[in-house]
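Please go over the structures that come below.
In what follows, chain A forms one complex with chain B and a second complex with chain C.
Moving on, here comes the complex of A and B:
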């Protein structure tokens, strides 16, 4: 990619190289300084904290090596939360992908009002996540909420659970809100991908007399495979990172049954002032996120340069 | 495409069913925001209010300090948008048009750090913000919201600048324009659609931001909408008719803005293949 970008001054006279590089550094400096001060330094500090004994105010007291790590890894809570985070991400991404595919397929059919349905399907992504989560809290209200009432009325579920009050239903209630927010992005990406598949491919398939399923599996799906990859990677990062939904709906409760790594980091740090635990968890989270991000970046670069 | 025609009624029925599912909480919002305080806490609840209390549209502004929250959200979102633009446009110009050692590394870094979670750094950021005496200020949120949108906006602007033919700029340089003039007089006007997209993106991010506001803002007059409303939730006696009404007001501006950039946003996130 770097090679295709022309360079004005270099093309004219190569001795301007230094002047050009200097200008680049000057232009980049403000952004880089802000990023270093408010992103890289805090990350480094979290790494440091994870290797130190810290006071209740978060001050570093003594270097303890991997003691914090060993301490945390020895608790079953940590593993439960880690496994739950992975399950949360897996269930979330798979559901978002399936819903996204179905909606994209539906939106790819031409009918009057298609553009309008597209606009409506986007709303969960377009509206503010914290506000949506608050709305859902009211929707889930066991006594006055319209969800339980409607399920009973329609006869779909005679005795719905106290959504946010019981461990298993709380997990799935939060899960659904996260899925619900993530569906539109998936649908839009897949729809864009489907619309870029040349119509001739479908036409020749029509002449060959293939059925809809074959069309989907032999033309549509391969046509969007790379996008599917990028979208699921992005979605897994967002799902794994979803602090707002869980924190607003349950704060990780009841009894820690909806805590994932990201909410646990915050609660350990800000509510219980357990900075050792919080920083180790943050480091673990960081490493997981960094690995997935790098995979995303590599694929992104590859498709851009191709 | 035969099956499309045959399947149309089925497609429409499925679409309607899915829309009912997806829009469910917004139907609940529309239903609740027009109820009286008494009817909100009636069991079983009604979908259609027995009495439509249209005055809720007005009273909510008196019941909650909605205006104050709106002002805070606006200041933070506008501040972050301006700050972000000031930092991202020069940076994007440098990576898209200039050649220098470390360019690829910087591009790569911008792409990777898009995904970093604010939660990872919020503990140490809190200490930093406290040390420079910015706790409970708009500036703390303007800075942090800028930092966490900067990578993405720079990346997007880089893409827009790159799509402008280099000859245009070269001709201007030969005609005696300075580098700054080529940026402000030639590049930026052409890149306006891209610039608008990144600005709206930052605005929406800051408008919706929750974690930093929750951690850094303590006094009520400085609270943005997200935190202001959050403080009303969770009590048994939450006046949900006002809360849903506030949600309605809070969602409308971002909804409108989001529709303006939605296609470019998808293209930017998913990489080159999705065309606007």
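Moving on, here comes the complex of A and C:
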């Protein structure tokens, strides 16, 4: 008996510390060090800052418990910004998913110039986000911008709004830029999924007299459902934290109408040096996104096991 | 497996080798001075590069790095460098940031590093950065704001705000792309143009306590409401401002004036330099920003300073650079390019600073008022900007918006 237990321990230990494992640890060490230093440490520090009074340089001074949280939750601005962030994410992700699906379906069809089309669709995603945002800032310019000029010229809209100057148009103008940048990723992921669906299924469906809509709902969608879940989860995380587009186009204005949690974190932390408030907002962001990720993961793994 | 392990260890050693070789060399490096260089309108890259080269030629034992930084990024850049423990030796700052930097214990007294000759050559009136008798920032630019008038569009020089409104209405012709007045409607670093109208109405941002400290916020005083109501009237009732003003900050709206499309603009000393670069081809006249009837002209004066950061390594070398830079040969050229009146006594006597623009700036400086010098001003100015935009957008009345702003500011200050 003792021999069996002893050999079990030796087997376990050797699994964790055999020659191959040691090599793996050595090779992983640099990446782990970088992750701990540049990700885990800052995350833990932000959590700490949310429970401490901090100096204007973010140094911890005195433990204050939940005082920072109570102070922030008592302001109506915080709840408005949070709800706006959720709306921003919901609209953005749904739009990107729909547009991505449509474009993937179109790119999945065989036609002349398909490769060139695929190349063109990648451009928004391949360009640096700040450059795209600055480009759209010019497109939205009320005097010289392409959008207003075109709308007036074709007679569609004689007096278009000041796109980035009015609250509702500014929100949707920023939203569109975020969608425009995010569509290619969704389209490519869905396209990859569609191309891995065996062609025989479509052939059998054709023989059975199934129409296009039925093919889409009963073959295509189920075939890409896992990718759809992963892509929408990633898109949710990225959209919720889309700082660049809003900051470059409107800096959260006009009158705070495009401020979301991430831009507010930046303003509080780096413009006003209020690290307490910024860290609480960052923690709230983390919690929201963690909940979303956990819900997704549960649905995903439940489907896998069933 | 052993061979693979040896290969991996060899790769790690090779990667570490350069660090070992060059580590010894670091001790012999020259002291390096980093200077965050704010990109004023009119300031050219040629000037920056030639200043840097000339100093290093005259001081071969010092490495100088003049880092150009757009104004809108300067505050962020300074605070992140401080938080990272790697501040520059010196940086141009808005003097209004000084109290915030002092509260962080980030800056040092200028007199420790800059020669007495340089400091004695600074005009006493420019020494806004003297806090409790200590000079915490060396003035680099001090400019009052004035009104520029496009003489091709109008010959009227209004003496009051009420008259300005009438004159702007007379000139205004949006169908021909001609506007009465420039009004930035998008938030930017400064609280302009609100402060021009606010000071013109006799307003003050904060009450003053008997001990000289700032009391409650008074932006919602009758002067504030009058100023904001007037701005809203110009923009949304009379519609004499440039189209799309809500999406234009100061940097984006002033070019409309340089293009000859607006009659009046409230602007600073950079106007001539900026118009030259924009190749403006109209006659311009300079006048004082008019007050509201019954008040006296109180333009804004803005000073920028050079701060020395305590935790930087080569402050003495930085002081040497400042002494070099503040010679007339370089400082006068800087002043010419950015258009600010010289802060040095010797440069102010030079013939190029006796033009109508400098005369107008000089006159404005006599009655001008600066920003409130307080930590946290960046946030309070942001709150007031939000109030201004809410009124422009028709979401709130001026009184309600400014009451809300004043309450928020007092709450943020713990009052």
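We adopt the following convention: the second predicted complex is superposed on the first by the 265 of 306 C-alpha atoms of A that agree within 3 Å, B and C clash if a C-alpha of one lies under 4 Å from a C-alpha of the other, contacts with A are read in each partner's own complex, and residues count from 1 in each chain.
Basically, contacts are C-beta pairs under 8 Å (C-beta built on N, C-alpha and C of every residue); 3 or more make two chains touch, one makes a residue touch a chain.
Keep in mind the model is a prediction, meaning the values are calculated, not measured.
**Q** So in the superposed three-chain picture, is A:256 touching just chain B, just chain C, both, or none of them (first/second/both/neither)?
**A** second
**Q** Answer with first, second, both or neither: which of chain B and chain C does A:78 touch in the superposed model?
**A** Neither partner.
**Q** Hey, is it chain B or chain C that touches more of chain A?
**A** It is B that touches the greater number of chain A residues.
**Q** Touching A:165, do we find chain B (first), chain C (second), both, or neither?
**A** Touch partner of A:165: chain C, not chain B.
**Q** Output check: A:202 vs chain B and chain C. Expected answer is one of first, second, both, neither. What do you get?
**A** The answer is first: A:202 touches chain B but not chain C.
**Q** Quick check for you: in the superposed arrangement, does A:56 touch first (chain B), second (chain C), both or neither?
**A** second
**Q** Examine A:143 and indicate which partner it touches, taking first as chain B and second as chain C; both and neither are also allowed.
**A** Touch status of A:143: both partners.
**Q** Once the shared chain is lined up, is A:274 touching chain B (first), chain C (second), both, or neither of them?
**A** Once the two structures are laid over each other on A, A:274 reaches chain C alone.
**Q** Scan A:244 for contacts with chain B and chain C and give back first, second, both or neither.
**A** In the superposition, A:244 contacts chain B only.
**Q** Do chain B and chain C touch any of the same residues on chain A, and if so, which?
**A** 20, 23, 27, 58, 143, 270
**Q** What residues of chain A sit close enough to touch chain B in their complex?
**A** Listed in rising order, the residues are 1-2, 5-8, 10-11, 17, 20-21, 23-25, 27-28, 30-32, 34-35, 37-39, 41-43, 45-46, 49, 58, 102-103, 106-107, 109-111, 117, 119-132, 134-139, 143-147, 149-150, 152, 180, 183, 185, 188-189, 192-193, 196, 202, 206, 211-212, 215, 226-227, 230-231, 234, 237, 241, 243-244, 247-248, 262, 265-266, 269-270, 275, 278-279, 282, 285-286, 289-290, 292-294, 296-297, 299-301, 303-304.
**Q** Which of the residues in chain A come into contact with chain C in the complex?
**A** The contact residues of chain A facing chain C are 19-20, 23, 26-27, 55-58, 140-143, 162-167, 251, 253-256, 267, 270-274.
**Q** For the complex, give me every residue of chain B touching chain A.
**A** 1-4, 7-8, 11-12, 14-15, 18-19, 22-29, 31-32, 40-45, 47, 86-88, 90-91, 93-101, 103-104, 106-108, 111-128, 143-144, 146-148, 150-151, 154, 162, 166, 169-170, 173, 179, 207-208, 210-211, 215, 225-226, 229-230, 233-234, 238, 240, 243-244, 247, 250-251, 254-255, 258-259, 262, 266-267, 269-275
**Q** Under the definition above, what is the set of chain C residues touching chain A in their complex?
**A** Per the touch definition, chain C meets chain A at residues 1, 4-5, 8, 75-76, 79-80, 82-83, 100, 103-104, 106, 185-187, 242-247, 375-376, 378-379, 382, 386, 389-390, 392-393, 395.
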